[in-house]
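What follows is subunit A paired twice: with subunit B in the first complex and subunit C in the second.
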Partner chain A sequence: MQYYLTLLSFGPEGWMDDIFRGIAMTVGLALATLPFGLTVGFFVALAKQSAEPSLRLAGNIYTTIFRGLPELLTLFLVYFGISVPLLSKVAPDASPEIASFLGGMFALTVVFSSYASEVFLGAFRVIPRGQYEGGYAIGLPHGKTMRLVVLPQLIRIALPGLSNLWLILLKDTALVSAIGLSDILRRAQIASRVTKESLLFYGIACLIFLVLAIISSIGINKIERSTNRQGAGR
Partner chain B sequence: MRIGLRRALAASAAFLAIGAAQAQELNLKIGTEGAYPPFNNLTADGQLVGFDIDIAKALCDEMKAKCEFVTQDWDGIIPALQAGKFDAIIASMSITDERKQKVDFTDKYYNTPSAIVVPKESELKGVAKEDLAGKTIGVATSTTHYNYAEQTFTDSTIKGYPSSQEYMLDIANGRLDAVEDDIVVLQTFLDSPEGACCKLLGVPTPQPIEIFGPGAGIALRKGETDLANKFNEAIKAIRSNGKYKEINDKYFKFDVYGAES
Partner chain C sequence: MSVQQTLSAVDRPPAPARPWTGPRIAGSILVGLWALAGIGLVYYLISVWNPELFDKYFPLYMQGLWVTTQLVFFSIVLGALLSVPVTYARMSKNRALQAISYGYVYFFRGTPLIAQTFLIYYGLGSLKGPLEAVGLWGFFREAWYCAILAFTLNTAAYQAEILRGAIESVSKGQWEGAAALGLSKWQTMIKIVLPQALIVALRPYGNEIVLMVKGSAVAALITVFDLMGETRRAYSRSFDFQTYIWAGVIYLAIVELLRHLVDWIERVITKHLIR
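Moving on, here comes the complex of A and B:
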């Protein structure tokens, strides 16, 4: 028992400090990716339903490619194909960790946004034309109609789909160990290989992912309730 | 043979001395996995330790290079080398033809040999084909060691086991005269409580490269022959000046280098 407590301590003999750094990496990467992924996804969705055929084509090519490729492959392609060459030109002195973090963020943004664009597109289609026409009828310009009338409804409709994507994103961060970042899974793997206590450390990784999922769903529920309140007030 | 080797070493040492005087500071990033004890692994307080790491440090000293370690998951380790995240992989990577298409390798820096373990009270003296004639040898199937046993010990009964766990049980219970496997696997067994039954008999020679492969080498980007030569010279140098043995003995009770190449 003493032995296991030592393994799970935060001191120099214990692995929990390493695993907590892994949690910081996983959560940090997912949180850093989210805003970019949502923004890009939103604009790709706009492109895909625009009147301009070339924009529609570009949007469709984007989602076809990045939803079609396995995530790990996208990660390799984006990281080794784009991030590394680009970063070595822009900032040749950047440490490997920063390069990996930005590369991982970029790759996950690409994957997240291609899925998110479909969720947004689905939400756009649910909102009837009448909502836009109502906005124009009371004299709102296009941008304001979008922001004040369409967007609040859009978020409410898209939220279940987006919360799915958020959980997938959290788990996808486990792939970034392949480009050299030490996330939860990689830290747990090192600990289990060194101490030969695989069940213990993979079990802990399981628990951590479950706890993250629970915390996420509490947060998402809060957002959902607040958007519903807003909707009822209007 | 021996004189030839010494001469070659002396020549290479001289070559190194000139090279070191001419070359400006060499900065190297060394990639390693960090999850493969006892060769390379991170400890609980974040230190990189292991045989690979000590060898890498010794090689860097020998080449007068400033080395920095980068840990990287095994899956992405070759792409990361190619992308320039580091300049060399020192992570117990076996030299294979498949990998050679993507990277260059230095000479091996170790090749753990196949060894023979027998019960403590065994009267077997040697590990040659004649010594083991008529005996039953346990080996894990679908390993290189099984192929080797089948081809070498043709006068013995070779008994195949799904994994090392099973033959370990059988030799502990006296159902086998000997077992053959990688020496690191056998040493771990001998060091465990179950291994008290047995002792290391020896390492059979020769250990053919066609069966076992050349061993573990340092992987470099294609075309880096200069760096490969430097590493090769440094490996030879630490082999001859005792540094290798010192590191070897810190981790193992036997010579992991294998046959001289």
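Moving on, here comes the complex of A and C:
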């Protein structure tokens, strides 16, 4: 028992400090990806619900490709195809972790945004035509109608789908351990290789992901409740 | 009717030319970029075409594809079997059964597939002594079995949720109607509820298979030589980036094929619902 407690301590003999740094990396990567993924996803959805066929086609190609490729493969494609060659040209003596982080962020952004675009698209379809027409009728230009009338409703409708995508994103970040980023799983891997206690450390890694999911769910519930309260007056 | 017919016979004036609006320009540029990317990709693949490489790795890729197919097939089928008792437990009135199945589903849906796979292969695989004692060491020593076990447990959790959602989507009146006709619970389930539920479940099941095809790439990280594994091996030997491109093309083709297959099945089996 004492032995296991030592392993799980924060001291020089323990591994918890490493694992907590891994948590920071996982959460940081997911949080860094989120704004980009949401923005790109929103614009892709905008293209896909446009009246212009060529815009729709461009948006649909994007979703088809990045939803069809395995996330792991997208990660390797971006890492070996873009971030490693680019970093070796731009900053040859930078730490290789930068290539992993930026590559991971880029890959997760395209995957997240292609799923997010479907969620936004679904939300766009729920909003009735009359909302746009109402906006135009009071003299708002197209951009302002979108920003002031449609977007606030859109976010509320899309929220459950987007929360789901956040949980998926959190899980997908575990894949970046395959390109050498020191996330939770990678730290657990190193710890189990050194101590030969694989079951313990992988079990802990799983439990940490579970706790992150639970914390996210609590946060999401809070956000959803607050958006619903704003809508209660309608 | 006759008015319409005469109208359609009249020569219509040509449609007004579509103006070059902002969205149309943007759309054309974006489609142009995609076309350029596509042409670039084809040009790249032709320019790096290497018959030696192709002869060496094409059979390996096909083997890998076969391994991926088997992996997905076994996991989905075994997962479907396992999902039935899990769904039963989840919907039963017994609190203990409910809690167990809820915990199971929550764990496998809340943690990454890659972590589950590592937990089973490296984690359970490290218990050589105890596993030998119960005669399971032969199972957990093989990455292939561990991958199937991990994927089965994972997909069973997702499939249980799909099944539960589909069964709950069938209205209560169906159960009551069947009970009024004197059908037993079991007969109602098999003959009345499931046929209706499975139509609802078809699309989610299709998505789950697609997710499994994509997720099965994780098996490559525990030394299973599926399509992804063969790709990684080919890249590590040749350092030729086209190895990854080809894998992408193959995966994309499989996923698109599956998606269209599901669309087609759905069109066929919902014919009677279209009014």
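The rule is short, and it goes like this: the second predicted complex is superposed on the first by the 225 of 234 C-alpha atoms of A that agree within 3 Å, B and C clash if a C-alpha of one lies under 4 Å from a C-alpha of the other, contacts with A are read in each partner's own complex, and residues count from 1 in each chain.
In this section, a residue touches a chain if its C-beta (ideal position, glycine included) is under 8 Å from a C-beta of that chain, and two chains touch if they have at least 3 such contacts.
Please read these numbers as outputs of a predicted model, since none were measured by experiment.
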Examine A:R129 and indicate which partner it touches, taking first as subunit B and second as subunit C; both and neither are also allowed.
neither
Which of subunit B and subunit C A:A178 touches, first, second, both or neither
both
Subunit B versus subunit C as contact partner of A:F80, first or second or both or neither:
both
Quick one: is A:A205 in contact with subunit B, with subunit C, with both, or with neither? Answer first, second, both or neither.
second
May I ask you to decide whether A:S88 touches subunit B, subunit C, both, or neither, giving the answer as first, second, both or neither?
first
Name the contact category of A:Q189: first (subunit B only), second (subunit C only), both, or neither.
both
Which of the two, subunit B or subunit C, is in touch with more residues of subunit A?
C
Could you say whether A:A213 touches subunit B, subunit C, both of them, or neither, answering first, second, both or neither?
second
Both subunit B and subunit C contact which residues of subunit A?
76, 80, 177-178, 189
Can you name the residues of subunit A that touch subunit C in the complex?
47, 50-58, 61, 64-65, 67-73, 76-77, 80-81, 167, 171-175, 177-178, 185, 188-189, 192, 196-199, 201-203, 205-206, 209-210, 213-214
In the complex, go through subunit C and note every residue touching subunit A.
21, 23-24, 26-28, 30-31, 33-34, 106-107, 110-116, 118-119, 122-127, 213-218, 220-221, 228, 231-232, 235, 241, 244-245, 247-248, 251-252, 255-256
Under the touch definition given earlier, write down the residues of subunit A that touch subunit B in their complex.
7, 12-15, 18, 76, 79-80, 84, 88, 96, 99, 177-180, 182, 186, 189-191, 193-194
For the subunit B and subunit A complex, residues of the former touching the latter:
29, 34-37, 41-46, 70-73, 75-76, 79-80, 82-86
